[in-house]
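Listed next: structures, encoded as structure tokens.
Next, two complexes with chain A in common: one pairs it with chain B, the other with chain C.
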Partner chain A sequence: MEPDDHSRFKWFALVVVGLVTLGLCPYFLPRFFTYLLALILVTGLVATSLNMALGFGGMYQFHHAVFYGIGAYAVSLMLIKSGLPIVICFVAAPVVSAILALLMGFICVRLSKLYFGMLQLSLGSLVWILVFRWYSFTGGDDGLHGVPVPSWISSVTGSYYFTLIVSVVSLIIMYIVLNSPFGRILQAIRDNSERSESVGIQVRRHQLVTQVIAGFFAGVSGMLFVTVEGSAFPDLLSWTLSLELLIMCLLGGWFTFFGPMLGAAIIVSLRTMVGAYTEYWTTVLAIILMLLIFFLPEGIIGFIETLFKRSHASPGEDL
Partner chain B sequence: MDFLTTVTSSGLIQQFLVGLSRTTILFVVASGLSLVLGVLRIPNVAHGSLYMLGAFLCYSFATLFGKNPIGFWVAIVMAPLGVALISLAAERGLFCRLYDREHLMLLLFTFALMLLCRDIVKMIWGAEYRSLAPPVVLQGSLSILDLPFPKYNFFLLSIGPFVALALWFLTQRTKIGKIARAAAVDRDMVSAVGINVSWVFASVFVIGCFLAGLGGALVAPTQNIAQGMDHTIIMESFLIVIAGGLGNVWGALLGALIFGLTDSMGILVWPQFSIVFPYAIVVIVLIFRPKGLLRATW
Partner chain C sequence: MLSVKDVQKSFDQFLAVKKANLEVEKGEIVAVIGPNGAGKSTLFKMISGHLTPDKGHIFFKGKELVGKAPYQICRLGLSMSFQIVNVFNRLTVFENVQVSVLSRMKRSFDMITPARRVAVQETREILESVGLIDVENRASGSLSHGERKVLEMAVALGANPDLLILDEPTAGMAPEETVATIKLLEYLNSELGLTILFCEHNIDLVFSFANRIMVMQQGTSIIQGRPDDIRGNEEVRKAYLGGTH
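Presenting the complex of A and B:
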């Protein structure tokens, strides 16, 4: 085993190098790839927030995209219909998502596992159908286009830097939360909720707070999506997107912090690359997913970690 | 409130019958989903795709045998059988290796199948709409209190109770049904007494998928057969199954009734938002009974 300080320094150096590289990207990458990177960051952020409830909280978050979509709709509607300063709109949108997460969480955390997921699925689909149908307010299935985001943010470079800064800050906050005593308790609940309850942990309350935090950061990424794309549409809260987000978590590794970001990077870039050649992109996704479930159930990062641990463990002490 | 004046009693009855025939389709599909969820514990997202496949197969068989009057009837039997055959292959080839996995994995695996099915349908039938006329016997409409009501919908109405009865007989009176119910409660115990659970699961899965195909075949003459059918029906049938109680076939019937009737009645009250009503009702039911109206099988 390596000394803790040393490995921590290595990680820190890696993160700094990564951030500097990301910060310099717009200077040497074509505009399209800058846009793609921003999209990856946005999708990665919502997948990470999903994984907070799913991988760390053990809650079957079947319809997480609702919070993402509502964040996007909230900021778009506020920018279009209210004269509020842009800063307030950007802050209020995630709060709207968090409030929705609180309401839905309040109903859902009474149950666990599949029942939780099913309940969230039904509540989420009610929100989706409302957004989908309420033409006069949300634009119905057309969505809202041409959201008046100030040009210093909505330009490709501007939205990229805005997304980079906001998502890095959000990731740091989520990382801190998950490594705090709160995060440890959350993982204890995931591993054994009965035992956690019997040692005096308020299981439901912790799960509810996690829902709110996860909903909030999903709202943040929804808000970022609007700065990148300039529009909001019902697909952002469709169940299909929720399932795609689950795939991202699974692909990267759903017991790891950076797994969902990696999964999002792979899926979003593959969709762009493969989508350019064939209209049957979803077949590729389906095959990846099946192979993943059969051969890599812990995801890429999880698999690498297992390999790493195995090479360090003494023989005969597999896993 | 001007909308109340437009509602006449015969209009109400007409909407009620429309709702009931919609309920039939929903029940046939949702009961299959519920069966698979209750016994195999697979939240089968691909169920909606099998429904779509059933509709497209029905269209193709009907056009293939279309020259004689029995073409449609052949199609409506062959299409679900085709779907059942495909699901048998999927079960033996893929699912039977995954039974001990978590729900989440199974859900995502079936999602992969759904994506695959969607592209396969696109490859075979293309992206454009198809439509299928009902057989000559069931064309036209009967009048109920001076309002026309399609004959085909009466046919649908008569199918519903038949399917419900068949499912009741299958689960309560046959040996395989009894084994399946026991396996739903404790699968290890059932295999410990020497029953080959694997084949019981396969048959339940195939029956469930057959129902999805049957639903698709039945709905084919009433609407456009198109891409995207899978998405709507899977959402609706999941809601029905959740509201009724996971794995409970009678719950699926109750849920389908609630869903189908609020949908068709909602049109009379507030046409623009009629599709929202069933979703809202399901959520209200779940707020008060989070585990569904009837007892889940597990």
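Presenting the complex of A and C:
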């Protein structure tokens, strides 16, 4: 076995053990923790989709939550108002998010870096205010509650397994895309878009396709959120949630694939635990952000990877 | 192969290139020389599509380049290596060159095949030819300046160009690195038939290496000819060489 194959096998074994453990969780965890795990998976999935554009694509994706929220609203509205089969509702919701990502991306990819982020923030806020104010359609600031999710996924255990399966499949697809030639070129654009263009890469088209894929999987997460919570509300599209998602990516490691999932696990757990004692949860978030900037600029997994590389580097080799 | 006709470029009030003319034939090594601020880099950036000329025309293999994006120009067979090292810092040496090869092979939108299995042979061949195969797994940000300059060139070669443009390829290199780079360029020209256009401050190197030389001064091309013609030209002596050659 080649060293690379050996390392890949170890990772594969680790992932299988992790998945089996996650699959058994509802049998030994209290219901609340099963629910919490489902919420972590949903949030981790949307953070991973954000990181596709942010950490791998170098796009300042400041308002990713808008695609998440639209996915949640799309599935809720279809389930409440359309009477369409559930499978169609579940598939259509991410497609709606992807179309929104295509429209917003078409405008935003003409700009770069900070200007891209500011324009996305503005356009996303427009969508948010529309959802927030359109009482007759979206329920306004009350949101949509009691979404008729089928009984086989409305229980805590049912929604957990559904979330686990869809999240794992989505993560596998994103992993394959990011490790394909498309993903490699995306990382090159992140590092140096000018140089990428001069070796024949259509930078804007690549960025636009990435926006659509990231928007699609954010929509999948939004759809999953509805199966876990049975509701959709304007906070799902808010810029504060977008900021939280950004922090999850930075905390876990924004140049790594599993970093955002780890970041989501930490932030969602902390929010749940700290939120039980104080309403000033955002203060804790602010402290985490400051510590991150000073001590872990590449996030937890990024830091571990650096340590690992350093311990395996040949003498005299710089990292 | 390449024909630049009366090209002009200004930035706000500053006229960086007033009137530049240049001809490059297939298989040639052509150098552009001139003092700092003569407009050499601006001219190269106009040819590669990174800047748009205010006036004039640029033809490559009979096709007008003005108005085309850099990626379109690259796909026509013209690749540029930059003066300031301009590579993909978080990628490894192998990945840097592979990106260029993937683009050339039109695999940019392949989302299924693992990248580690695509364009491996082609990428390694380039790395071997430029002498970077031993450091292929190093992060490009960790290379020495000389190695990064060579990598810069290897990335440009990944596009398999007909014409390679090099903006000061040996700037900042140690003498032995300069010799190795010149040998590499001679090999690319004589063995692979690559046409090379470059600018360089090292005049001895230019006269020993180039087939033809174009001299620029204050944004204007004053002459283009064989090294002996350039040496003997009174205008060039006054303007640039100061009578030393």
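Simple rule for what comes next: the second predicted complex is superposed on the first by the 312 of 319 C-alpha atoms of A that agree within 3 Å, B and C clash if a C-alpha of one lies under 4 Å from a C-alpha of the other, contacts with A are read in each partner's own complex, and residues count from 1 in each chain.
Criterion: a residue touches a chain if its C-beta (ideal position, glycine included) is under 8 Å from a C-beta of that chain, and two chains touch if they have at least 3 such contacts.
These numbers were taken from a predicted model, which means no experiment stands behind them.
Asks: When the two structures are overlaid on chain A, which partner does A:Ile201 contact: first (chain B), second (chain C), both, or neither?
Replies: second
Asks: In the superposed arrangement, which partner chain does A:Trp239 touch: chain B (first), chain C (second), both, or neither?
Replies: first
Asks: Classify the contacts of A:Phe255 with the two partner chains as first (chain B alone), second (chain C alone), both, or neither.
Replies: second
Asks: For A:Val209, using the defined touch cut-off, is the partner it touches chain B, chain C, both, or neither? Pick first, second, both or neither.
Replies: second
Asks: Which chain makes contact with more of the residues of chain A, chain B or else chain C?
Replies: Of the two chains, more chain A residues are contacted by B.
Asks: Quick one: classify A:Ser180 as touching chain B (first), chain C (second), both or neither.
Replies: In the superposed model, A:Ser180 contacts chain C only, not chain B.
Asks: Go through the superposed model and pick first if A:Lys10 touches only chain B, second if only chain C, both, or neither.
Replies: After superposing on A, A:Lys10 lies clear of both chain B and chain C.
Asks: What is the contact status of A:Arg31 with respect to chain B (first) and chain C (second): first, second, both, or neither?
Replies: Neither chain B nor chain C is touched by A:Arg31.
Asks: State which residues of chain A lie in both footprints, the one left by chain B and the one left by chain C.
Replies: On chain A, no residue contacts both chain B in one structure and chain C in the other.
Asks: So in the complex, the part of chain B that touches chain A is made up of which residues?
Replies: Residues in contact with chain A: 43, 45, 94, 97-98, 101, 103-105, 107-109, 111-113, 115-116, 118-119, 122-123, 231, 235, 238-239, 242-243, 246, 272-273, 275-276, 279-280, 282-283, 286-287, 290-291.
Asks: What does chain A use to touch chain B in their complex?
Replies: Going through chain A, the ones touching chain B are 54, 60, 62, 107, 110-111, 113-115, 117-119, 121-123, 125-126, 129-130, 133-135, 239-240, 243, 246-247, 250, 279-280, 282-283, 285-287, 289-290, 293-294, 297.
Asks: With touch defined as at the start, can you tell me which chain A residues reach chain C in the complex?
Replies: That would be residues 176-177, 179-185, 187-188, 190-192, 194-203, 206, 209, 255, 317-319 of chain A.
Asks: Would you mind writing out the residues of chain C in touch with chain A in their complex?
Replies: Interface residues on the chain C side: 48-50, 69-71, 74-75, 79-80, 82, 86-91, 95-96, 98-100, 102-104, 107-116, 118-119, 138-139, 142, 155-156, 158-159.
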